[in-house]
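What follows is chain A paired twice: with chain B in the first complex and chain C in the second.
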Partner chain A sequence: MKAVKSLFRNPPLLTLVLVALVWLVAGLTLSGFGAYGHLRYLLELAAVIGIAAAGQTLVILMGGIDLSVGAVITVTAILVPLISPAWDPTGLVGVALALTIATGIGFLNGAGAAYLRVPPIIMTLAMATFLQGLLVVVAGGSAVTVSNPAVLLLGQARPLGVPAGILLWLVVSAAVLLIIHRMPIGARFLALGANPLAARLSGVSVARNTLILYALSGFFAGLAGILVLGMNRQGYVGIGDPYLLTSIAAVVLGGTSILGGRGTYAGTIPGAILLVTTTALITVVNASPGWRSIMFGTLILSLLLVSGREARR
Partner chain B sequence: MTDKKPLLEARQVFKGFFGNPVLKGVDIALHPGRVHALLGENGAGKSTLINLLSGALQPDSGAIAVDGRPVGRFSPATARAAGIAVVQQELSLTADLSIAENIGLGAFPRRFGLIDYAALHRGVREVCAMVGLTEPLDMPVADLALGRRQMVEIAKALFRKPRVLILDEPTSSLSAHEAGILAGVIEMLRDRGTALLYISHRLNEVQALCAHVTVLKDGGVTADQSLSGIDGEGLVRLMVGRETGDLFPPRPACTPGAPRVDVTGFSAGLVRDIAFSARAGEIVGIGGLVGQGQEDLLLGLYGAIPAKASSAEVSGKSGLPADVGAANAAGLVYVPADRKHEGLVLPHSIASNLILPSLGRLARNGFRDRPAETGLIADLARRLTIKGDVARPVQALSGGNQQKVALAKWLPLDPSVLLLNDPTRGVDIETKREIYLMLRAFAAEGRLIILASSDTPELVHLCDRVVVLREGHVAATLVGDAISEEAIVGAAMGVDRKGAAA
Partner chain C sequence: MSAVSSSGWLYGAIQSRRNRGLGGLYLVVAAFLVLYVVLFPGILSVGGFSKFTQNWFPLALVTMAQALLMLNGGITLAIGPLVSLGAVIAATTMGGVFGVPGGILAVALTGLGIGAVIGVIVAQLRLPAIIVTLAGSFIITGVALLLLPRPGGFIPGWLSTGLAGHTPVAFLLLVLILLLWKVFLATPLGLGIYAAGDNPIGAFRSGVPVERVKIAAFALSGLLTALAGLFVAAQTGSGDPVIGAPFTLNSIAAAVLGGVGFLGGKGTMRGAVCGSLLLSVMINVMFFLGFPPVAQYIAQGLIIVGAVAVPELLKQWRARR
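This part shows the complex of A and B:
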């Protein structure tokens, strides 16, 4: 009883236990679910969500939200094939350029929120709409195929049988956990999220941290965009759309307060895995796409209720 | 006078939270026509007792009796129906609604199912006149200063024509003038036969207004007696349970050092074109009625609100700090009056709050140095006698201990100028004494302390110099023996007095 109680006070662990339970039950009842290849595939899908949600976790911890994540993923996925210079055999220059652009977009989001005092929800939504329009103008409606070797390596390589995307996710996870728990800036994000006024009067610079945070979110969304592109081999308008809501859902499923000030990326990781697992299970059920969406939405809502996330304050 | 039946009683009430007993068998009886004082240090159980008496909480055992009859399930609705009203310490007003709507909220006169604004305004005008609220009734409460909001809160309680009125630290944000009006209202209600319960940390008010006292200590009643013949010393003895020395530390002869703050033509917020200077080793008090620019003076010097000055030298640097970071770097720190909203990150641990301003200084190669942080936190907790586990959320602490955290977090920066905004508001007497001693020690170490306060005795007995603000201007600067309650109040209200040499 006591163990159960303490479990409910530790959302990241609770989400992890939930994932383990779902995997165990599904593995025993559904043929093929528990196969190594299938589980590996789930993790590979979760890696994209997890990386996109890395920036989202940081932003939400500080009490903001980034609605441009999906658009930034699309921008990078379409830009990399277009801007990778032909003289670069590694493809790293194109990747670096695309990541710089993604970070720059995030920086603009931060500048709007910090200096123009536009609420982040409006600023990032406007940015997303702007980018989508720009992409239609620049890339037209057609898909672009990627030939950048670095991107293809990231999307397709399996050193020692482990997909490179999962390895990238591990690196991102380590970095984000270090930022939140081992660096001063992480403690400042949390303080700003819980009480911006008290944090400001304690000498925490709101503008500076907002800029850093949204730039980081742009960077991680760009990284997710490159991974998606490598896995798909093609970039097209709308490729990033599914990752906006899933990035937010993964954060909240992981027990991070949507109001800011409380939570950790350690919850977002199992949150992302839980999301792709749920999607996979729904796909198994033979239903029309409409019903799948309805089931997905209902499931997310009930998962949130089960874990009683938003603790009464 | 008290031979009548009590209107409201608690009989042997017990109440605990999460297994911690807060009230252990408390009796209290409120009689009509009597002002009853409830005293006790923070954490003694006063708030819990008030919540039981107003139906906000149910006792674990024991009973609440109205008109001598125990009430089974005493809910806020039953309490309202029985004519019990509470003026809460934490303001419970809705900022966007008007004064009239706030006062009438929950008891709107209706006509055809709609709010009858004409009737509402008639009733509201009457109670506003009683408490001296002259602002237009349709003004949003958000536009009022804190002290005026408190008067609205009191008017709201009066609007319900209560038979029992509970006032929880009603004067903590009031100016001396407003407190005087409130005292008049209390005396009038008493003469009309209302039973009043008065909670305050200001003993002179208790002595002036109250006839009977109940003292709580650690959840038990340590005194329940008439106040006649008990002086201030006696009250403190009742509360603390032992002899206390003077509340204020002795004031040594002031030998100010180098100028630390020197501004002329300074404007920030409500403050208009003032000259202000202060030297190392001084405790300078900022007094005045509530909302005359005291807070803006501190915030302006701290770089937290836009400010300008024709000439400024702050902590050895010319010019005002551009932002809070620059002020901190120059050795200025600020402790806000509203510690819950401005001073502390309430849901976070005591440790994270203590370490917040020092995060950058302690970091090595961009990473936090955990052992160094833990050492510093333990040291701060020990120096300020903050007891218990520092991993607890800071909101679990009593008001006094929260204030200690809000102050302690700045010590590692070795500040040369401390800007304090009402640091003892809602703080119990023992902690007050600790804070006063600490401030004296800081001054002796050559730090400058600028202290805005709504507690006049604090200004009189603690400060070496008092600057009284009125409508954003300096109304008087009082030094040494010229500092007295009369001189401060007189200057604050714009009355010319002897000794108030500007």
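This part shows the complex of A and C:
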């Protein structure tokens, strides 16, 4: 009993146990679900959500929210093929340029939130609307095929049988966990999320940390965009749309408070895997789009009831 | 006698104080309206005015629905899907045995019911409103798709011409709804929505049933949203399971343009309705001036940020002086 109670007080662990349970039950009842190749594929899909949710976790920890994640993913996925210079055989220049642009978009979000005092939800939503319009101008609405070798390597290579996307996710996870839990700047983020006024009075610069956070969120969304481009080999308008809801849901499923100040990326990781598994299970059940949408919403809601509840105030 | 006049004076003072900070908004709305009249004098005829208010009416309703929740400290991202569901239910039930009254009742009950369920989940189960409504939007979209997989259904012709013909019925309905809101604000429940949004603990200690108020706010918001869907169905003459999509962002944008804050208790319904009028005029002007849809997106993003940032910057500048 005591073990169960302490489990419910540790959301990251709880989400991990949920994932294990779902995988166990689905693996025993559905043929092919438990195959190594299928589970590896699920993790590869979860890597995109996980990387996009890395920035989202940081922003939410500080009490903000980034609703432009989907748009930034689309922007990078469409820009990389367009801006990769032909003289560069490695393709790294194109990747670096795209990541710079993504970070710049995040920086603008942060500047709007910090200096213009626009609420983050409005700032990032307006940014997403703005980017949507801009993309149609730039890309003309058609899909672009990628030939950038670095991007293709990231999306398709399997060193030692492990997809490169999963390796990238491991690196990102380690970096984000380090930032949050082992570096002074992570403590500042958490302090700002828990009590902005107290943090400011203790000498934490709100504007500077807001800028850094939203720039980081843009950077991670750009990284996710490059990964998704490599896996798809094609970029098109709308490619990033599904990742907006899932990035926020993964964070909340992992037990991070949407109000900021409390949580960890360690919960977002199983949260992302749980979401991908749920979607995969819904695709297995052969249902009409209407039913699929209902099941997705209901499952997210019931998962949230287990692990995403705010404490009674 | 003197008591009445002094309370009347107090009422006037409070009301004028609630207008503070909205002066700029009123000016901008007036300027845009003048520009509109200069560009399209047709709006001054009864038919033109009717058409104009009919384009504004559903946005005004969903903005009220959103502002109601934001004043209470909540938010909903399920506006668009609920508008679609309202339209779909109207289009599928009005041809049935109970006819138009049955259809209107079905739409109203669905809106109230869905809103109340979301409210119960948010208030009693302590889940953040933004996530619940995001997940709920998937469920509502699914239900709308199941009821009517592709645009169609049936709306009686007389209802369409009655609501969206050449008479300003929509405008009169809006005035009626605003009057009802005024009356509602005078009830304990109406005041409780503001109080619980501004300071939940203080409201609770003063005897406001904070949780019940929150559920009521979500239910009312659902009702307004579903009725907006009914109107859209009457306007287009059919139901469409995805027609409401743009309303989610626009409802938030209009409420924020109107000075309603995210943290609850801050803002007024008159501001929100003005915000929706401004947004509606801007969309109309850009459409008639032949802006491509892309430029409309870009301009809308810029205008929303500007509308929030400029008053904030002015306030900072004044504070520094």
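Things to note:
By our rule, the second predicted complex is superposed on the first by the 312 of 313 C-alpha atoms of A that agree within 3 Å, B and C clash if a C-alpha of one lies under 4 Å from a C-alpha of the other, contacts with A are read in each partner's own complex, and residues count from 1 in each chain.
The working rule: a contact is a pair of C-beta atoms (placed from the backbone, for glycine too) under 8 Å apart; a residue touches a chain by one contact, two chains touch by 3 or more.
Quick caveat: nothing in here was measured; it's all calculated off a predicted structure.
By the touch criterion defined above, A:Ala175 reaches neither chain B nor chain C.
Judged by the touch definition given at the top, the superposed model places A:Leu92 against neither chain B nor chain C.
By the touch criterion defined above, A:Ile166 lies against neither chain B nor chain C after alignment on the C-alpha atoms of chain A. By the document's definition of touching, of the two partners only chain C reaches A:Leu134; chain B does not. Set against each other, chain B and chain C touch different numbers of residues in chain A, with C touching more. In the superposition on chain A, A:Ala111 makes contact with neither chain B nor chain C. Residue contacts after overlaying the shared chain place A:Ile282 against neither chain B nor chain C. When the two structures are aligned on the shared chain, A:Leu152 is found in touch with neither chain B nor chain C.
Residues 313 of chain A touch chain B in one complex and chain C in the other.
If you check the complex, the residues on chain B that touch chain A are 302, 304, 323-325, 327-328, 334, 336, 341-348, 352, 355-357, 359-360, 362-363, 366-368, 409. Note for the complex: chain C touches chain A at residues 75, 121, 125-128, 130-132, 134-146, 149, 200, 249, 252-253, 256, 262, 293-298, 300-302, 304-305, 308-309, 312-313, 316. Those residues of chain A that touch chain C in the shared complex are 65, 112, 116-119, 121-123, 125-127, 129-130, 132-134, 136-137, 245, 248-249, 252, 258-259, 288-298, 300-301, 304-305, 308-313.
Residues 178, 182-184, 187-188, 190-191, 194-195, 197-205, 261-262, 313 of chain A are the ones that touch chain B when the two sit in their complex.
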